[in-house]
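Structure incoming, see below.
Letters are used for the chains, namely A, B, C and D, taken in the order the chains are written, and counting of residues starts over at 1 for each.
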Amino acid sequence: KSETDESDGMVLILPGPINDQSWNATNYAGLVAANEQLNTNIEYVENVKDADFVSTFRSYAERGYKLIMGAGSQFDTAANTVAKDYPDTTFVMVNGSIAEYDNVAPIFPKEYEASYLAGIIAGELTTNGKIGTISGSINAPMNDLLDVYEKVAEEGAAARGIDSPESFRANADSWSDVNKGKQMTQTTISTNNVDVMFVYANQVGLGAITACEEADPQVKFVGFSSNQNDISEVVQASVEFDFETFYVWAVGKFLDGTLEGKKVHAAGIKEEIFIPVYEEGFSQEIQDKVTEGINKVKNDEIDLTEYFYTN
Amino acid sequence: MIDTLATALMMSTPLLYGAISEMFTERSGVMNTSIEGAFLMGAFGGFVGAYISGSLLIGFIFAIISGVLLTFIYGIVTVKYKQHQVVTGTALNILALGLATFLFRVIFGIPVIPLKVTPLQTIAIPLLSKIPFVGPIFFDQNLLTYIMYFIVPASFYVLYKTSYGLIIRSTGENPEAVDVAGVDVNRVRITMLLIAGAFCGIAGAFYSLTILGLFTSSIIGGRGWIAFAICFLGNWRPYGVLFGALAFGLAEAIGIRFMVMEGMVIPNEFFIALPYILTIILTITRNSFNIPAKLGVPYNKE
Amino acid sequence: MINQIKTKFSDPDFKDLVVTNVVAIIAGILISGIMLLLIKINPIEAFSVATASVMSDKYTFAEILVKATPLIFTGLAFAFTYKANLFNIGAQGQFYIGTIVAVAISLSIGDVVPGFIGIIVVMALTIVAGAIYGGLIGLVKAKKGANEFLISMMSTYVAIAFMNFLLRTSLRETRGEYPQTDVIPESMRLPIIWGGTRLHLGFILAVLTAVTLWLILFKTPFGFRVRAVGNNASAAVQAGINSSKTTIITFAISGAMGALAGFLVVNGIQYMVIQGYYAEVGALGIGIAILANGNPIGVIFAALLFGGIQVIGIEMTMRAKTPTSFTYLMLGCVTLFVIISYYFRRVMKINRDKKKLVDGVSK
Amino acid sequence: MKKVIELKNISKYFAKVIANKDVSFDLHEGEVLALLGENGAGKSTIMKILYGLYHQDEGKILINGEETRIDSPKDAMKYGISMIQQHFSLVEAHTVTENIILGHVKGNIDVNECTNKIKELSDKYGFNLNPNSIIRDLSVGERQKVEILKALFQNTEILIMDEPTAVLTPQEITNLMKFIKDFVKGGNSVVFISHKLNEVMEVADNIVIMRNGELVGNVKKTETDEKKLANLMVGRELNQTPTKSISHVVENENVLDMTNVTCVDRDGIKVLNNLSLTVRKGEIFGIAGVSGNGQQELCEAISGVRELVDGKITLLNEDIGSLSVYERIKAGIGYVPSNRHRDAMISDMTIAENMFLKSSFENKWLAGKLIDKEKLNSYTNNKIRDFSIKAHGPDAKAGGLSGGNQQKVILAREVDNGSKLIVLDQPTRGLDLGAINHVHKSIVRESKNGKGILLVSTELSEIFGLCDRIGVIYQGELQGIYSPDELTPEKVGLLMAGWKEEVR
């Protein structure tokens, strides 16, 4: 079909720049790890605009690529549009949840399991039980992970004898406006007296960290999705998405033919893609609580979906 | 409450720097439509300078240079080559976006953890900052905000009480009169643009070096245009511009306050749109305009 | 035809226009290309790989036309007011209004009305919406003397906020995940006119619209009045031309163009609205209109060039790992140089005229 | 007498015109040198070169015998040269003081000191100006004074005045002449640009005549007369201004009938007050008066640009008071406004398009839905020929024509638009003799065709020479309507100044 000899090609399509210090960087790191550990040669293309999703997918499929990955569920629609015309190509959306064809196999990190760990940390860190969160946008997985986080943190705080802990949730409606992240966090801190912050909004989170630093007294920040501990002293612990493991897991499944289509492949604590990381000297007691949480999930002792408000 | 007002004041600082500089260029008859790009170049240059040297001062100097470079190109094309200002601005804003993002990649490659510099700190002024209510709002701010307090009266003085101010005002009203009086019209205009470049550079760097301590390509996100609009709102007068900048700063601060309040009834998009709607309404309802008569018209001698 | 082109080229002004534009475009691409060396990418290789890929694959080639289609409309939106010495820089907002209306109507009548009629209804309503949104700018300009530049800019931000609001609420996709709409039904999609590509009927529509606008502007009394009001409003009033009316209609037409761009994107290319997509379609339209000197026919070619640069830019990111910002660099440089070429063209013309004059005297 | 300025073989080429070709003449100390020439002769250009606004393509300038480069007005000022531009270069929004000190003071402005200095200067020359007035509130005469003060403020020795009398009243002209004579007494020099022969003869010592960019004469006043000058200037024998005597029959039917018309300006102040007049078929009705007394408003009330707050206007007994501008054009009213650049033409469009400007609604220009270009061009070509418009064809840009030729374009158009009535506001202002002659002939011809003509002019000779009846306007009211032989220039002067006869 195609003149170029690329019929073994594999590519990862990224919606943002690989140096965004956030979502795209994490996925890029996953790709690098897969290439190293599985001896593959996955290419990447960064910063693909929404308007170009379809044509980019199609362009690679046309050239005979056998695996096309997209970093983000926003690729779901485009992938399913293109997939039906290219049965020989497998489409894998990271975070995806739509699989209408046999060659579409989204992989899905159960982010609410990660936020469960973050919630445990927050519940231990808070001193006044006021817990703040900011999201980049509102969608179902986001609601789920925030629900889990808030409930778990509140429970933890209550268990430590803090009176009626409370959560404050705000939506920045942006994944990139750093400035807004800072202003919103400042306001959350000053109006709600929040003392632990949790932000899942890419670069918006960077602004939030600055605000936590500048607050008086400083506000603790639970890092999420990547290891944010080095950014600032207010981040003492992060729940890192180990996309290296996640990618190696997914690409490995693809290579050995176990990545079936028309099905969403979820991974989480059991697959060890969520790793808590701590600064030196971080309370061992809290670390133990987190480990305990990990084990609970691994042993199916807890059903986190029960924490969802809406199910 | 006090916090919100202090934040509002802080947020209005870069807007004021931008808007005052816009007021001066527009008084001389040129719109600086590259303002958004100049902000971005300032934010970028400032961050690069500060990160590499480790000194905020050098950062701000870099910011000024970056802003001036952009408005210099703008000045050559619009004033010397007499090309259309809106159009040139559009091109330069696209270029600035490409350039800043591209050069950031060139300089820093693909960093794993976010690059940060320590932002400019607030300095509480002894005694004054202790005044109840007023103190924490006005006298616990950063240096650039303090400088802002002086910019408006200084601008007023320059514009209305000095000979150069008279020349600037006349250049926007009737450049021919200025030419006939032996003053080089284009030089006045380009000078204003270069000064604007410096101011916008600082304003842009305010975001990367004072508010945040980091740089992303969306860091300005239309705030240059807000400064541009404030100049119109302020009716091309220093105190009007001050009012406009404070209004926008306040709107931004209050909007964010609403965003973090739970159970809000008004959609936050409304607050995002509010300053723009306000500008439109004010522009429509104001009946007396002080718009420089030759704003946007290149001066053609021959 | 060929003779016509020959005679056109014997006009030195036209020749200058073509030559300086070509030089400017090449200079713009060259300078941005040199910047690639900074990140150790060989620009020549990168360009040739990308160009080869565009040439060898009809799908990618057709993407140039696909990309050009909305750009023709936003280019026309600016060009039409530009010729009237008005400045509608709000095409971005009008575009979003167009997408919202197109998607909302398509989704709601898609299953009820037969496709062909449905598409016409959607198009008509998009035009109406854009005409109103743009016409309002004309209205405040005409009745209140407001600065249309500022108002149109502000109107874009208002449109964006409005769109974001709808994408968060009533127009949000059924599965409720992302700020984007559902996909419109097949029956509401514009027919593809080149099999195996995404090229749709909208491209033909764009070309026809450009030709129509050219006829209106330069060959009809209405177009004459538009230009008259633009050139000298006071004289136009004394000549019995209702300049308010003309300004409003001009803006309405311009707004309709911007909205049509949105219609084509929704019903021809993307089949849905995604928050913040096509964020530069308005600004690029300005560059295109300028490259074309406001001439609607020229807009077609300028839009093709910009579409081409974008597609090449995308191919380069895919094939040569250039950063995406490089596309902006190219577009910015090309537009800037084209603007500067206006100056040199003028200088050339003056010198030529002078020379003719002086030669005439010395003879 | 000492030569202060010598211009040697100056040539200046604009893109499409030779503005000056090989022009040489000298200016002496204590002399008034008149620069005389038709529109477009190159008078302004040569002086702008001397003042540094333009740069010559060929030739050189000697000042006090030394070759000098003048690159900008700043250089010119260094040599004590000042120039009052043909069109005022004042900042309308600023005060008299601010305009005068612009560019001539350094650092902080001490407003009081400047104001006092200007007050003194103004009193010294009897100008009676308030330094704190805003320019836009001043009459043209006062603005002219501000321009002169601008020059005097810098201790000018060589004052160039580009058509300073074009907009002044007779009284103001007399004062200006007196000022010039006083000014040169102290050894200063003046270049006085004009095409009004009587003024030149009154004030000049030497007269330089230009035609088509070239020097065609350099004579002493004492050795010439108006007739000789006129012939030099135009290059041909001129016809006498046509007068009533060679005129026409006035019919007894009213074309225009205005009764008790009242109009107000933006601020609600009455600019036309209860004004009534009639213009009959074949009649030329003149409006005399100092400009700014409601003339423009009167014309606009007729053309429809200005609304009436009271009164009635009929055209051939049809009430047109509520018709739009467009409907009045259709009804047969032609209008030549006084500010032609602003109100009557589109500089960036071609002559053909300007011809089309007012009739763009008419079907006669259409072929199908499109404009019939050929028809329009041939019409325009005829007009170019009939009105001897100097232009290279219908596609020439109107803005590229000289003032006189622009006026002819407008006149050519309005003569056809005004099939019933033609309103002319200052139709010969700033025009040279040849062009004036042409305009006058056209006016008379059209009245002979049975049209009604309303002619507004500040030029009394024009009014007396052409009109069948004369109304004198003062502050928006008519002081009375007279036939020319009931009036003397003195009486008109009094009426224009506000004096009213008791009973009439």
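Just so it is clear, contacts are C-beta pairs under 8 Å (C-beta built on N, C-alpha and C of every residue); 3 or more make two chains touch, one makes a residue touch a chain.
Values in this document were obtained by computation on a predicted structure and should not be read as measured data.
With steps allowed only between chains in touch, the distance from chain A over to chain D comes to 2.
Summed over C-beta pairs in contact, the chain pair with the top total is B-C. Chain geometry summary: the mean Cα position of chain B and that of chain C are 29 Å apart. Here the CA centre of chain A is 38 Å from the CA centre of chain C.
Centre-to-centre separation of chain B and chain D, using mean CA positions: 46 Å.
Touching two or more other chains at once are residues 101, 105 of chain B. In chain A, the residues that touch at least two other chains are 17, 173. Of all residues in chain C, those that touch two or more other chains are 164, 168, 323-325.
Chain pairs that touch one another, listed by label: A-B, A-C, B-C, B-D, C-D. Residues of chain A that touch chain C in their complex: 3-4, 17, 45-52, 54-56, 58-60, 62-63, 73-74, 77, 81, 97-98, 137-141, 173. Here chain A touches chain B in the complex through residues 17-21, 25, 28-29, 168-173, 176-180, 182-184, 186-188, 190-192, 203, 206-207, 210, 227-228, 230-232, going by the rule given at the top.
Residues 215, 219-221, 224-225, 227-228, 231-232, 234-242, 349-350, 353-354, 357-358, 361 of chain C are the ones that touch chain D when the two sit in their complex. Interface of chain C with chain B (complex): residues 32, 35, 38-39, 87, 89, 140, 144-147, 149-151, 153-155, 157-158, 161-162, 164-165, 168-169, 280, 283-284, 286-287, 290, 323-333, 335-336, 339-340, 342-343.
For chain D in complex with chain C, the residues that touch the partner chain are 13-18, 21, 303-305, 324-330, 335, 337, 342-349, 353, 356-358, 360-361, 365-366, 369-371.
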